[in-house]
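Pasting the structures in now, so scroll down.
Both complexes shown next keep chain A, but they swap its partner, so chain B is in the first and chain C is in the second.
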Partner chain A sequence: MNLNMSSGESIVAQIQGLSTSPRDISQLHAFLKQSDDLIRSDSTRFAPLLTLLDPSIHSLGFLYILDACTSGPTPKEQANEHVCTIARFVKACSTEQIRMAPEKFVSICKKLKDQVMFLAAPIRGIAPMLTAIRKLQSSTEHLTTLHPDFLLLCLSAKCYKNGLSILEDDIYEVDQPRDFLLYGYYGGMICIGLKRFRKAMELLHHVVTAPMSNMSAIAVEAYKKYILVSLIHLGQFNASVPKYASTVAQRNLKNFTQPYLELAVSYGTGKVAELEACIRQHRERFQNDNNFGLARQVVSSIYKRNIQRLTQTYLTLSLEGIANSVQLNSPREAEMHVLQMIQDGEIHATINQKDGMVRFLEDPEQYKSCAMIERIDSSIERMMTLSKKLTATDELMSCDPAYLSRVGKERAPRLDFDDYDPVPQKFSM
Partner chain B sequence: MASSSSSNLTFKLHPLVIVNISDHFTRVRSQSLGPSPQSNGDTASLPAPRVFGCVIGVQRGRTVEIFNSFELLFDESTQSLDRAFLLKKQELYKKVFPNFYILGWYSTGSDAQESDMIIHKSLMDINESPVFVLLNPSINHAQKDLPVSIFESELHIIDAIPQLIFVRSSYSIETVEAERISVDHVAHLKPSDGGSAATQLAAHLTGIHSAIKMLNSRIRVLHHYLLAMEKGEMACENSLLRQVSSLLRRLPAVESLKFQDDFLMDYNDTLLVSYLAMFTNCSSTMNELVDKFNTAYDRHSRRGGRSAFI
Partner chain C sequence: MEPEPETLNTPNGDTAAPHRPITNPDSVLDVESYSSLYSGRTKITRLLFIAERCDVVSMQLEALRMAYDEVKKGENTQLFREVVSKIAGRLGDAYGPDPDWSDVVDRKADARKDKLENELNAYRTNLIKESIRMGYNDFGDFYYAHGALGDAFKNYVRTRDYCTTSKHIIHMCLNAILVSIEMGQFTHVTSYVSKAEQSQEAVEPIVAAKLRCAAGLAHLEAKKYKLAARMFLETHPELGNNYSEVIAAQDVATYGGLCALASFDRAELKAKVIDNINFRNFLELVPEVRELIHDFYSSHYASCLDYLGSLKSNLLLDIHLHDHVDTLYDQIRSKALIQYTHPFVSVDMRMMADAFKTTVAGLEKELESLITENQIQARIDSHNKILYARHADQRNATFQRVLQTGNEFDRDVKAMLLRANLIKNEFYSKQSKKLHNF
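Right, the complex of A and B next:
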């Protein structure tokens, strides 16, 4: 007993002593790795020792002990306490120290997420998770294991805007492929919640076309949502899976998403009644997948699509005419729809209320404004950074031994042939 | 030693002389460093070798025009220039350019020294008032003018002894059309045959870019100066303010709504074209990358689909 007591205190003393210079910290890290089992086995005794340590200076030691304390199953009373301790630690810890033991940091953050979900208060976990991600990331282009957990918390708490800040970053490095799939899926859902359909499509598209060796359930769900969002945003859906998706996906996705494909086909006809019939038919399926809300949005978007189609045929049209072709109930409804679309910028038109005529106009963008200059300028800069990254990756690839061996193999036979080319034989007459 | 000259001679210097002196110095320096290039620290500590030579040209009335120069060997033991070689060269040049006389000599260094007076005096039998052209080879980025100075000798009374000392004179650069072309060539490293359209465009754009950069830095200086004057850190100079105000009044040359419209439209078009160019560039890099990736990692045919790497 006494031995264990003193060893606990000795560990704390070591932590306090060796937490100053970087050299000391690596020494401390080695020491902690060795005593990891000891800490883990006696985690309950170590818990009170946490009060002796300051999370901002002794981050590494604090992390090890905290991980040991929270790793086991937690009774309900302690959940709240754990959440508070972990949240405080995450806010105060020092970045360099925790980067030395990333797995432990990830595991306590996951524990935080579990507890917060258990307590049914996901909103408490959002701010600490965001700080944790920013501290764990080596750069904003790095996707960590914590990203999908954070997005899950945002979804559960319905705080979509916080998730958006993470989604705006371009990703160039991924820790684990499964993280990427989950990140794309949750990110797509957050964007749908914020009605940013273009970004949602982009994220879901990434999930669907990501390389995979076996069919992933995440990809199937993402594909279903992708179909629906594509109908809402673009008004059409290309039923063939892109060529650059994995062969597994190309073969199997269609089998799992049959009702959605039928929905897409009936949307293509442009008839509202058919679409509604189709939705009623597969209603249960949609509800099981939690996609019924999206399906209803698809129905409301079909009116928009039809009105947009009218702009290509007519220059002016009466409100009654619109109501009839789009199968709306009255000219009043048609007027409301058109007004909403003009406000959203989806069509360009003027409504003459005196005689109920709508005149469709061309896109008034003249590309003459300074705002347009700034837009193009920022796009060019983004393209330049992307191009630099691509060139760097290209150079890396050229030095890759796998590539060089393949290329060398193709060329070598030809060289041999040249080498052994015999002296041109004498011309005998 | 270097006060301003009182002889009222106007000096005109041709760029060929400057290029010659600089070339001579660079050659000698790189030869003296030996066959293997040394590290930067070594070259900095080596004292720069001094090179010597003669300048020739024409003197008409009060105008001294220095056209050309040639190199001379400096004899350390006798502290004098190689006389025989000098006379031979003079003869040769006389045959080609009958108008040119030996006007003086040149050397490199940061300032004129006492020992240079000896060489100066030795040339006095050829030309009774020779000029001394000095090139400062140390690169000073802050300095905007040419590091070339021209010295004359004057008789001054110092400590009751009449002595010859060097006095600095002002000069101007004079070019003939042919010289301008060659100096342009050397300065901009243009390809001799005009190059393909791409290199010509690149050279043209580089020229514009450096011009704009210089304009930008000068405007920045003016702006800084005006801000300092406003804050009261510097004394208000009304003449300068008047000049700045007249400069500002000259712009913009055209100001109307139609011009603004057309200008912005043009600007947007150019931006769109560059955007398209960047796109194409990016797509081609991406294409190459994917090809390489497929050759390296694709086990089966390259028809399509990515192989797993999970």
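Right, the complex of A and C next:
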């Protein structure tokens, strides 16, 4: 059926006319929702009409039309065009208007991600996605559906630093649990890439202990990486899954990650030869999971761990002694390792090349400087804010009717005599 | 067994010779005098154990011969067959399987069993408590003599319902303890010891000593060396050889002394062992243990470790102590090392190696493991071979812990709030799903 141009133009006119005041916008929103099917059915006609609209003022209308145009399979030639249009829109759109139709916004951003991946140029999508997230979030503590997509783009483009800015925010509100798992997993991978192992462990730990009713493959993969990162960063791995993790996780994680747990056990012995044998044995498995690079890092970390243990027992030790106890091949290698660790600040020592001796020193930090006092002070303030937040959440929860009804049911309905005040009642004869 | 050196050289040039006149340089365990300390079933089991564990063939055969003689005095045909199979004809015909004797004994046993059963049934119909008790007791004795330890135990325990005085209860407990020790079930031993102790106010010293020994053995088996030591040290010397069906007085001294040395700290060692007049009587019976405790206390570690070395091979033949010897020895050696370094700010490792009769490299390894386990607070200067005491700086350590606790709190609380939020969302989504279903 041939739709006459006037309906398309009338929609455009409506959009243009009603995009000024907030009341008008809600009216426009209702109108657009009604006309949604109409727009979708004839999306190709509407595409040129986009030029008539200004994305910053007519964001809502633009969004509806753009969504209709870009949904559905896209031919190769148009991919580039779509990417540019969407990117421009995201940059220019107005935050309040797009927040009225968040699903549509999310869907065009996902389309953007698909297209840049298809064009094998993920780096093009990073800046627009970042802007999109910032506009969609109600606060920096809010996790949107776009977060994991953004992190995926950063990973594919190897632009880890951009991802880091998002990861620095603490998340407290989550829309969809599944997004959260992916966010944690990709975030962990980005941190590993940047060698920020502490943050990586935190994120992966969140994924592993998140509440879930069925075993999630994301959690299993996250657990594998968690084991490896824990070995690299802390030098040990606590094999017991914490009690606050979901019951499915507690029961099943170990079954899926056997080779990694064996690796952790052989790491615990401190013997390099055993560790390497274990890695060789499970090499294929590690490679399939794309964890072989991490596994190799685990091996280099065991040398560091052993040298650090030596600092606890020795004041001075010959390089040969170090080489022997850490199972390195020669004193020269030992010297290289020790030198690297001193430079990284992991141990405090001096090397005397004439005697071939290493002298281990105490940590020079005296905790007396102004900088340290400021650090402690800011820590305390941070703790206090966090405590207040926790108390507030607790209070909120205690007033929740669902909670109260549940707790009330469990308490025994009868009243104890002891509840009464033990003051003798007045006799009344 | 290698011969021990005749003289000692301590680094301070102390007169060491007077420490050594007691032991026989070729001290092989004298099987005969060892077994004369015991009586009853334990004598046979001990002899069999020695035969099993010993490498010297002559000692083996000696032990087996004595076991054979002892078994023949009793009525345990099962054990007899075992001894015979172990001898395997090596001692000639006089020590071969004696089927006639076995038959006679078995027939007598059957007859006695029938008689006991009839008696017991008679008593049971008459409902005389004392007789029933004695009936069960006799049954217990009978089964014990014939090696059916499980049945013996059951019967002894059955007398419990018919015990009227506390003496009866003690009797029952002692029997139960004896059988449990023979069976190797030391949990029963502990429970029956406590039962016996609860029952009576004024316990006879000999009985009390027996109970203490039994408790000590149970703790030893459970590797609770400190408790075992305490039990053995509290044993009254009146025990003498009244408990030879379980333990000899020499054993009390050895077990008590070694466990105390491995687990007590210096103050406790002095108060409970060295100044303990009662225990002194026991120590007189085993002079090596007495000497080695004194050496340890007065820091003559080399001679102390020498005594230990000479005792080791004999202790490995003891049925109760053999699998604890290594642990105890390691603990004693570690304690010696720790005690040596304790009063000093710096220790020359060469002198220390001499004092402990070991090489500097070996000593360094031992010290390294002790430092890693945090039993010695010190650091090794491997270049000059000196051990420096190192006391952790409390102030710095506190600051470090504070910052760390802060970080952990931060991390945990944030994770918790996050999880709470996730659960809340899931909860709401489940709720909304329920609503949609209507």
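Heads up, the rule we're going with is that the second predicted complex is superposed on the first by the 407 of 429 C-alpha atoms of A that agree within 3 Å, B and C clash if a C-alpha of one lies under 4 Å from a C-alpha of the other, contacts with A are read in each partner's own complex, and residues count from 1 in each chain.
Criterion: a contact is a pair of C-beta atoms (placed from the backbone, for glycine too) under 8 Å apart; a residue touches a chain by one contact, two chains touch by 3 or more.
The model shown is predicted, which means the values in this text are computed figures rather than measured ones.
Asker: Given the touch rule stated above, what does A:Y172 touch, chain B (first), chain C (second), both, or neither?
Answerer: second
Asker: Between chain B and chain C, whom does A:T391 touch in the aligned arrangement: first, second, both, or neither?
Answerer: The answer is first: A:T391 touches chain B but not chain C.
Asker: So in the superposed three-chain picture, is A:S10 touching just chain B, just chain C, both, or none of them (first/second/both/neither)?
Answerer: neither
Asker: Touch test for A:Q250: chain B only (first), chain C only (second), both, or neither?
Answerer: first
Asker: In the overlay, answer first, second, both or neither for which of chain B and chain C A:R406 touches.
Answerer: It touches chain B, and chain C stays clear.
Asker: Residues of chain A touched: more by chain B or chain C?
Answerer: Tallying touched residues of chain A, the top partner is C.
Asker: Kindly classify A:G321 by the partners it touches after superposition: chain B alone (first), chain C alone (second), both, or neither?
Answerer: Only chain C; A:G321 stays clear of chain B.
Asker: With the two structures laid over each other on chain A, which partner does A:Q312 touch: chain B (first), chain C (second), both, or neither?
Answerer: The second partner, chain C, only.
Asker: Please indicate which partner A:H206 is in contact with in the superposed arrangement: first for chain B, second for chain C, both, or neither.
Answerer: In the superposed model, A:H206 contacts chain C only, not chain B.
Asker: Based on the superposed arrangement, let me know which partner A:D363 touches: chain B (first), chain C (second), both, or neither?
Answerer: second
Asker: In the superposed arrangement, what residues of chain A touch both chain B and chain C?
Answerer: Chain A residues touching both partners: 177, 211, 213, 244, 366-367, 372, 376, 379-380, 383, 386-387, 390, 393, 397.
Asker: Quick one: which bits of chain A touch chain B in the complex? Just the residue numbers, please.
Answerer: Within the complex, chain A touches chain B at residues 177, 211-213, 243-247, 250, 366-370, 372-373, 376-377, 379-380, 383-384, 386-387, 390-391, 393-394, 397-398, 400, 402-403, 406-407.
Asker: For the complex, give me every residue of chain C touching chain A.
Answerer: Residues in contact with chain A: 368, 371-372, 379-384, 388, 393, 395-396, 399, 402-403, 406, 409-411, 413-423, 425-426.
Asker: Can you tell me which positions in chain A touch chain C when the two form their complex?
Answerer: Residue positions touching the partner: 170-177, 180, 202, 205-206, 209-211, 213, 244, 309, 312-318, 321, 355, 357, 360, 362-363, 365-367, 372, 375-376, 379-380, 382-383, 386-387, 389-390, 393, 397.
Asker: For a test of understanding, state which residues of chain B touch chain A in their complex under the given definition.
Answerer: Residues 261, 264-265, 267-269, 271-272, 274-275, 278-279, 281-282, 285-286, 288-289, 292-293, 295-297, 304-310.
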